[in-house]
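You will see chain A twice below: alongside chain B first, and alongside chain C after that.
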Partner chain A sequence: MKLLMTASQIRGLPVVTVRGGEDVAEVRDVIYDPEAGRLVGLSLNQRGFLAGRRHEVLPADAIHAIGQDAMMVLEESSLVTPADAPEDVAHPATERNVLGDDVLTEGGTSLGKVTDLVLLVGSSGEVVGYQIDKAGGGQGYIPLPAQLAVSGDALVVPNITEEFVEDDLVGLGATVDEFRARLGLA
Partner chain B sequence: MSESFRAAMGRKVVSRASAKGLGAVGHLLIDAQQRQITAVVIGRGKKARLVEWTQLSGFGPDAVMVVDEGALRPAADDRERDGVEGKLDLLGKRALSERGNELGNIDDVTFDNDTGTLEDLVIGDRRIPAGALLGSGSYAAVLDKSQEP
Partner chain C sequence: MSAVAWLIVVVIIVLLAAVIFVIARRRRRGGGVIATRGKR
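Moving on, here comes the complex of A and B:
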């Protein structure tokens, strides 16, 4: 059983230092690499109501843990200026945004449209699924394999994904290992 | 002997040299990594002063004895200023695991009144060894991941 969160739940989380116990920033948005199925980093806001954007970014490597109540980093120096950050964090390719993409199976069935990313809590940014608006209506969650192909229009998933469309995050958390085992990924 | 932060708040502070009352314990400053009380803040608010733990002749059940009132001084840096203003108080502070999950608020902290070494953090009905403390600041006290339920 895995504990999962969507990217929307991560936005606004305080960024807290393990060694200092200080809230040094808050999460503005996730920077995501859909081909690799991984978070590459986070953009940040300053802490406090209407405090505005913070210039620094947080590369995924510098995340100590993603929790339900806080994004943990070891020290404030984990936050780096874009000039010191890896290229894909400093200048994310906006055309790789998967939100709004049609989720198509290899067989050509549409499962719905991507509305959010689902991340594994406790990790440093593994993206394990997507929240979708289901083709038949309503919200659902699908587990993520190593994707077959992704563009700005659609992403293509294995046919068995259709059997693993879950109604909530708890369901997805319970099923993601089984899904990966079926694909021989676990 | 084991003492508690909650019980120590408001205890009178007296000069050993002059026997004069200097005020009452307002805050206790700690070094989270060393699990140690570093200083006692006397009074509260802007006029509060602090005295380092090493300048005490005793942290007794009825009074905290300062070797000499000359040892009292104002906050010397930003961290001490935050401490004097109570922003770094462990009492009532949110406890987070290093995995970023809340564990509750710190209700009390026990310490050895001889050495100033922290013993346990009390969170609800749990007593957590102070060795689990990884860091502490104005936002949270951060505890080792082994303390997650």
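Moving on, here comes the complex of A and C:
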């Protein structure tokens, strides 16, 4: 099943084991690779009212499925210690939090500020767009290419992105393939 | 201490507890959307 979800919907999801149905953690940070355009892992909180951060992390390849109501893993041992996890997941660079950053087109037009990340979930996590506070006011969604070279601190997107600003997630889902086809990336 | 003084002490304790609770919840929830390198 394919489903579009925002990172804020994923944050706070319980991490549940397929074998046993145990609720073992809660998603804290969503960590993604902008060059590969995909989720690379999650940092975790412990379960419980005031419980703190969980030492173990969850690399993307250990995720069994991402659903609307839970992050599924095969068993609790799917959570790995930072020593056994990829560096980006083990020690997420919190200064690279993209929320609040400006989105600029290659032509220098500001489209707004990032308020969320949109992922195509199911068995994996492909990054397909951003939710933004539009420069002209209101909220919108912009599609992203499957891959794009990274650039400094600004979130720089192709000029044609301006034509594909959608008002809701459903609209974004419908426009991603067309957007990528226009860029010759589909 | 008078009853009023006790009441003030209790109110201050309750307010402090509420502030600590909110800070603890925010620290616990935390989290963000983190790019592994640069940004796009």
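Going forward, the second predicted complex is superposed on the first by the 172 of 186 C-alpha atoms of A that agree within 3 Å, B and C clash if a C-alpha of one lies under 4 Å from a C-alpha of the other, contacts with A are read in each partner's own complex, and residues count from 1 in each chain.
Quick note on the criterion: a residue touches a chain if its C-beta (ideal position, glycine included) is under 8 Å from a C-beta of that chain, and two chains touch if they have at least 3 such contacts.
Quick caveat: nothing in here was measured; it's all calculated off a predicted structure.
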Chain B versus chain C as contact partner of A:Val156, first or second or both or neither: second
First, second, both or neither for A:Asp88, with chain B first and chain C second: second
First, second, both or neither for A:Arg19, with chain B first and chain C second: first
Comparison of chain B and chain C by chain A residues contacted: C
First, second, both or neither for A:Ile66, with chain B first and chain C second: first
First (chain B), second (chain C), both or neither touched by A:Ala51: second
Partner chain(s) touched by A:Gly136 [first = chain B, second = chain C, both, neither]: neither
Partner chain(s) touched by A:Val40 [first = chain B, second = chain C, both, neither]: second
Sites on chain B touched by chain A in the complex: 32-33, 93, 96-102, 134-142, 145
Partner chain A, residues of chain C touching it in the complex: 24-25, 27-40
Complex contact set, residues of chain A against chain B: 13-14, 16-23, 64-72, 121-122
Contact footprint of chain C on chain A as seen in their complex: 7, 11-12, 27-35, 40, 43, 45, 50-53, 88, 92-94, 96-99, 101, 116-117, 144, 148-157
